[in-house]
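Below is one structure, written out as structure tokens, with a few remarks after it.
Chains here go by letter, A, B, C and D, matching the order in which they are written, and residues are numbered from 1 within each.
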Amino acid sequence: MGDFYILDPSTSSGRLRRIIFVLALIGFGTKAGIIPFHIWLPAAHPAAPSHVSALMSGVMIKAGIYMMIRIFLDILQPAPVWWGLTIIVIGAVSALLGVLYALTEHDIKKLLAYHSIENIGIILLGVGSALTFYSLNMPSLALLSLVAALFHTLNHAIFKSLLFLSAGSVINEVHTRNMEEYGGLIKYMPQTALFFLIGSMAISALPPFNGFFSEWLTFQSLFMGILRLQSYSQWVFIIAAGSLAFTGGLALACFVKAFGIIFLGRPRSSEVVHAKESSSFMQIGMGSLAALSLLFGIFSGYMVILLEKIGKSFTIFQNTGSLVSVFSGQNINIANGFSSASAPAIFALLFITILLVLFVIRYLVNKNQTIKIGATWDCGTDLTPRMEITAMGFAQSIVTIFKSILKPSIQHETEYHDAESRYIMKSKSVIFGVGDIYHSYLYRPMHKIINVLSTRAKNIQSGNINTYISYIFIALVIALLFVL
Amino acid sequence: MGIIFLTLIFLHLTKKNFIATVAYAIQSFAIVIILLNSFFETGNIYMYVVILATLIIKVILAPLFFNRLIKKHDLVFSASTYLNTPLMLIIIAVLTFVANSRKFAPLTGIIPANQTLLSLALSSIFISLFLIVNRKGTLSQILGILSLENSIVAFIVFAGLEQSVGLQVGVIFDIFIWIIIAFMFMSMIHKHFGSQDITSMKNLKD
Amino acid sequence: MEIIIIILAFIIATLTGLFSKKRSVIEFFSVAASLIAFVESVIAALKVSFHGAYSSTVFFSVDSLGAIVMLIIGFIGLAVTIYSIQYLRKETDKNVIGFKRVKQYFILLNLFLLAMFLAITASSPIFAWICIEATTLSTAFLISFYNKPSSMEAAWKYLIINSVGLLLAFFGTLLYFTSVSQSGGTGLVSWQLLLANVSHLDPLLAKIAFIFALIGYGTKVGFAPMHTWLPDAHSKAPAPVSALLSGVLLNVALVIVLKFKVITDACVGSDFSQNLLIAFGLLSILIASLIIFNQKNYKRLIAYSSIENMGVMALGFGFGGLGIFAAILHMIYNALTKSALFLSAGTIFLKYSSTKIAKVKGALTALPVTSILFLIGFFIITGTPPSGIFLTKVYILTAGFKSHPVISIVALLLMVILFVGFLKHVVAMVFGEKPETVKTGEESIWLIIPPVVLIAVVLCLSFFIPPFLYNLIKDATLHY
Amino acid sequence: MNIIIWIIQLIFVPLVSPFCVGFIRKIKAKMQNRQGASVFQPYKDLWKLLHKDEVISKDASWIFKYAPFIIFAVTIIVGASIPLFASFLNNKLTGDLLVIVYTLSIGTFFLALAGMDTGSGFGGFGSSREMTISALAEGGFIFSLLTVALIAGTTNLFLISGSGMFANSQYFLPISLAFAGFLIILLAETARFPFDNPATHFELTMIHEAMILEYSGKKLALMEWASANKLVIFIALAANLFFPFGIAQSPSSTAVCIGIAIFVVKILVFCLGIAALESCIAKFRFFRLPDLLMISFILNAIAIGIIH
């Protein structure tokens, strides 16, 4: 009974299919956490323990993606063009806004949660372009985009779980999710720091980690779209590519902030000083994930081929020519020479050059150099943790630039020594908040309306029996009039 | 049939509970007569049982119950109505008119011979519904329901829709139980709320 | 034959209730009776599903839908009877009630169950009417069980409103008989006879009759705007009784309405009755979902949810086709889940001794198992996938999208609102800090087993439907 | 033959970059009626720094210690994997535009982290500003390269520079728009006016300098050198992707020599331009920079839009 026979195009009308599309998009979109149905994600993650969030973000929200791919690419085919374009737009919005909200967060798990939203957006870009290409009957391009989406799904599962786990072990040590109270943890938990660094590099799509290659594929499919499509669909793709580009940059900024505030600088709270390196068991877990995200990067060629096989298993891609070819040395080649990149080459190049530079500069040039350990330059006054940049301060400039979207609210609370002379202030606290436009412009009004309606409806149940009987009487009369 | 109709209107008008019960007794008696009448037409021996039951329950027992209640709690005056008398009469007139109008021809025309009677019965159905809606007293609501039942029975008889005796007895029995229960509830409500005014019962809302 | 046995069983139980002085005896006999009833109804259902509708005596006949409802009555009746033993014990321990009331309770409970069995199996509409009236009468005192002013009020409203409704239904029922009387045959008129003589029925008259019947029995079913008695009664009655009311009684009444629908459709075609059903269904869903949104009392909450589900079924039958199949399924799921919900709500009530949502906090810590049950029940009843109700709702709406897209979408939105509102309250109840005054720990295992079983059965049924039941549903779908 | 060319390709950027810096400084000095240091001064500075001792903050972690090497290495790699004077090298492995962009951002990533590592206030806001600008520059950067890539029908930079896309003039408008866009990005990414003042150490304005404030000795040398390399890299991209004439198409020694010569000339021209620009415009307020970067992005978007 549980099968989708209702949705079989032969039985269902176009209107029905349209309704199903919208409903499925909303429903599974909510599960996947697309904007504006994302609000549960950042709320849920802090509540859950870290390994659960790792699962949630890694696996659970992918269920939504899976269902979308399954329904849109498999069951609801053939689909009109605007479906794909809608999904692309939603993806673009989710990616951009997700990362922007992440920048404003200084609750580490909420930050990661918003990054899940961002990555879901990126995945949806792939899915959407796959759908668009297929309905414009360019199956091989569609296959390419689908592969990109699948690859990014896989990668996101890996590095997001890695990030959540390492964040979790940090939280265990410092007993708070507020990044402002971390700082300098790299000296107390070096391994965790390393793993978190790898995770950050992967999620902000730095080569040679896996995040880069899936994002690269997504970019390629968008580029192909720009190249091959006409008119408005081309513009949608341009916008999508642009938002993806900005997303990459902002994600980088966000993870500089995250890593910098959590692990670098001086401890901002006494808790940090007592932090211990996380248990070797945890380290093995994180280490393996980190290794995976590197390996998936280096051997992205194999992965792409594998995922393409999976993509071919879809009925609509049964006999679709492939655009991706992998040459020797994992050199992925898109659309015979439109673009190509080789993960191992990049990795080897980086590795060798860094070692080389290190070797040359360290041991050939002036090897008997003495290194003195001193204090950070403090302009004469001794430094306190309060002089370091805060997570909020780091993101401040970007928040100010995007204030039209983020609606930042800053309120100052100043305490004076005595009420009369307001010259010497005792303390000044600045409370910074981000107005959530979904709450203020979408959810709260809806809630208001429903509330009003429901209070109206409650008057029906007035408690007076005569009224009740008169309802029956009136219903009877109306119904009779309806016949006679 | 006219009696029923008139007693109903009277039920609407009267303020005294005792008189109301009496009116109900008369009404029920009218029903009995109607039943007898139909019995003479059909000549079904078992109808005796029905008629007897009706007689005992509706004409004798029910009014007795209510009077005892009235005595016990000396509820001489029934609780007031929502609408004042002239408005009530207007509505009653409207209802009667509607019931008599051609619109209900299929309903009242089941047996063309009895059309007027049927329409009268129908209007009394409506009026007794209106009685329940309009009256605030527990007793008058009970009476309203009972008279609704009466008028339905009357309608049936005139429409020639009598059921097999067994079922009718069953129905009568139901009504009997119902009267008892309603009676008990009335007394209990009087115990709890200190009045028979149902508008005092409004702590169950939303 | 089965029906006779059931009747006997209940009568015996009632008599023991009347004459026995020992509580345990009464309890034993009641459980035994409901057990027998359950077994017999299973047998009956099996018979029906394999040999088609049958009538044991002239008075009784069971068709497929009847069989399904019999199963529901039997099963829930059993669960509720077992539950109520513990429940009443707890109440006596708190000396809220005395032995006399316990006695009353079981007598009335048995009568109530019996009346419902008769109503569903009665072959004659009038007889069915009498039985339905009997259910009203027997439950009136169960609702006023706690003998508090509020419960008294609830009972009074229940009595009056339902009597008015049922009298209208009575009138409607009799109007159908014109066909028979014109064809001369008085005497015991059965559903089949009515259906056979439908040709003699004046279409317009049939319409009027159906309106009377629908509004009349609709009062009992709890269609808005005749639903007004329902939340009061459910919130004031003891939890097991509420479970029976909303789990079983509503369905019984609905089935009667459907029987009339069949006759009317045969006379004037299905559009008429379907439109009416859709109208009432949508209205019920609307009012229920809106009122639930800020409801303060969790038993009323569940009551409104029953109204909503009745509305959904009405929509299903209104949409027809796949909708009917789904609606019948929905009936089964709803009945079981709803009674489970009421039973667990009852346990929560025992623990917190308040039906205010605001008063109940941190049930998860206070009553781990029960509140889990409550949660599961909530998720099932609001149609969260992969529960069966999700499927049935999907099917009903799918059936609707084809014929009445707008209505279906409205209904869908309302369901979403309902889900949100319901969720809000459930979360408020289950999670959070529990007050110190409430001590943790389940009350008794016998308060847990019945709802657990009910929920378990629902879950099983939502993934696997035994073939005989499937036959019944298919057959019923064809007939209604 | 190829090997030699590859080696030249590899060492060209670090070799030339200090000269560019020196040249720009010289021009600016001249424009300010100063004598100015010799164009080879930066080489001397690097040499001097490489032989100095170091002071490292006690708060610094391995990020601080190894960042300079990573950053410098990154510039070397990128410098080697973009077309400088020879398009026939056709590096299919790392010559993709996205690879270049994201490899460069590895450098930015570690630069910003290094800035935060010592926990000094300057480093913190330095990296904050740096990340803000580079994040907003990303879109314009990718899109300006994408424009030419779409025109050439490939995202491989070598192929782009090799393809004679100026053959037909229909592409003139998009390319010039894209170039305008890229110029803005160039100034932003290489910390030049009006985004940043490479000569200042004034805490309210400095961005790049703020991040490397804590460095000394070898590491400082590497940092300076790396930023110089970055300058050359961007100039090379601008020169070879938007004006790809004179670039060596075939591995003949003459072609290569011509290519190198012309490339040097191009570099000088660009340096001249930058120096002139820096002398005649003032630094913008920080919150006006996003508008500039957005302008670049929009220009490129339009350019892409009007390709067909």
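By definition in this document, a residue touches a chain if its C-beta (ideal position, glycine included) is under 8 Å from a C-beta of that chain, and two chains touch if they have at least 3 such contacts.
The shown structure was predicted, so the numbers you read here are calculated from the model rather than taken from an experiment.
Among the remaining chains, those touching subunit A as well as subunit C are B.
Interface comparison, A-B versus B-C: the higher number of contacting C-beta pairs is recorded for B-C. Among the other chains, the CA centroid farthest from that of subunit A is the one of B. Centroids of subunit B and subunit D (each the mean of its C-alpha atoms) stand 99 Å apart. Between subunit C and subunit D, the centres computed from C-alpha atoms are 76 Å apart.
Work out the mean CA point of subunit A and of subunit B, and you get 71 Å between them.
With centres taken as mean Cα positions, subunit C sits 30 Å from subunit B.
Multi-chain contact residues of subunit A, defined as those touching 2 or more other chains: 458, 461, 465, 469, 476, 484.
Shared interface positions of subunit D, defined as residues touching 2 or more other chains, are absent. Those residues of subunit C in touch with two or more other chains are numbered 156-157, 160, 164, 204, 208, 231, 291. All chain pairs that touch, listed by label, are A-B, A-C, A-D, B-C. Residue ranges of subunit C in contact with subunit B, taken from their complex: 124, 126-127, 129-130, 133-134, 137, 140-141, 144, 147-150, 152-157, 159-160, 163-164, 167, 170-171, 174-175, 177-178, 181, 186-189, 202, 204-205, 208, 231-232, 235-236, 291, 295-296, 300.
Taken in their complex, subunit D has these residues touching subunit A: 50-59, 61-63, 66, 69-70, 72-74, 76-77, 80-81, 92-94, 96-99, 102-103, 105-106, 108-109, 112-113, 116-121, 123-125, 127-129, 131-132, 134-139, 141-143, 146, 149-150, 153-156, 159, 213-214, 217-218, 222, 286-287, 290, 297, 301, 304-305, 308. Listing the residues of subunit C that touch subunit A in their complex gives 156-157, 160-161, 164-165, 168, 204, 207-208, 211-212, 214-215, 219, 225-226, 228-229, 231, 272, 276, 286-287, 290-294, 322, 386, 391, 394-395, 398, 401-402, 405, 409, 412, 417, 421, 465.
The touching residues of subunit A, when paired with subunit B in their complex, are 458, 461-466, 469-470, 473, 476, 484.
Every residue of subunit A that touches subunit C in the complex is listed here, in rising order: 1-2, 6, 13, 15-16, 19, 23, 450-451, 453-458, 460-461, 465, 468-469, 471-472, 474-476, 479-480, 482-484.
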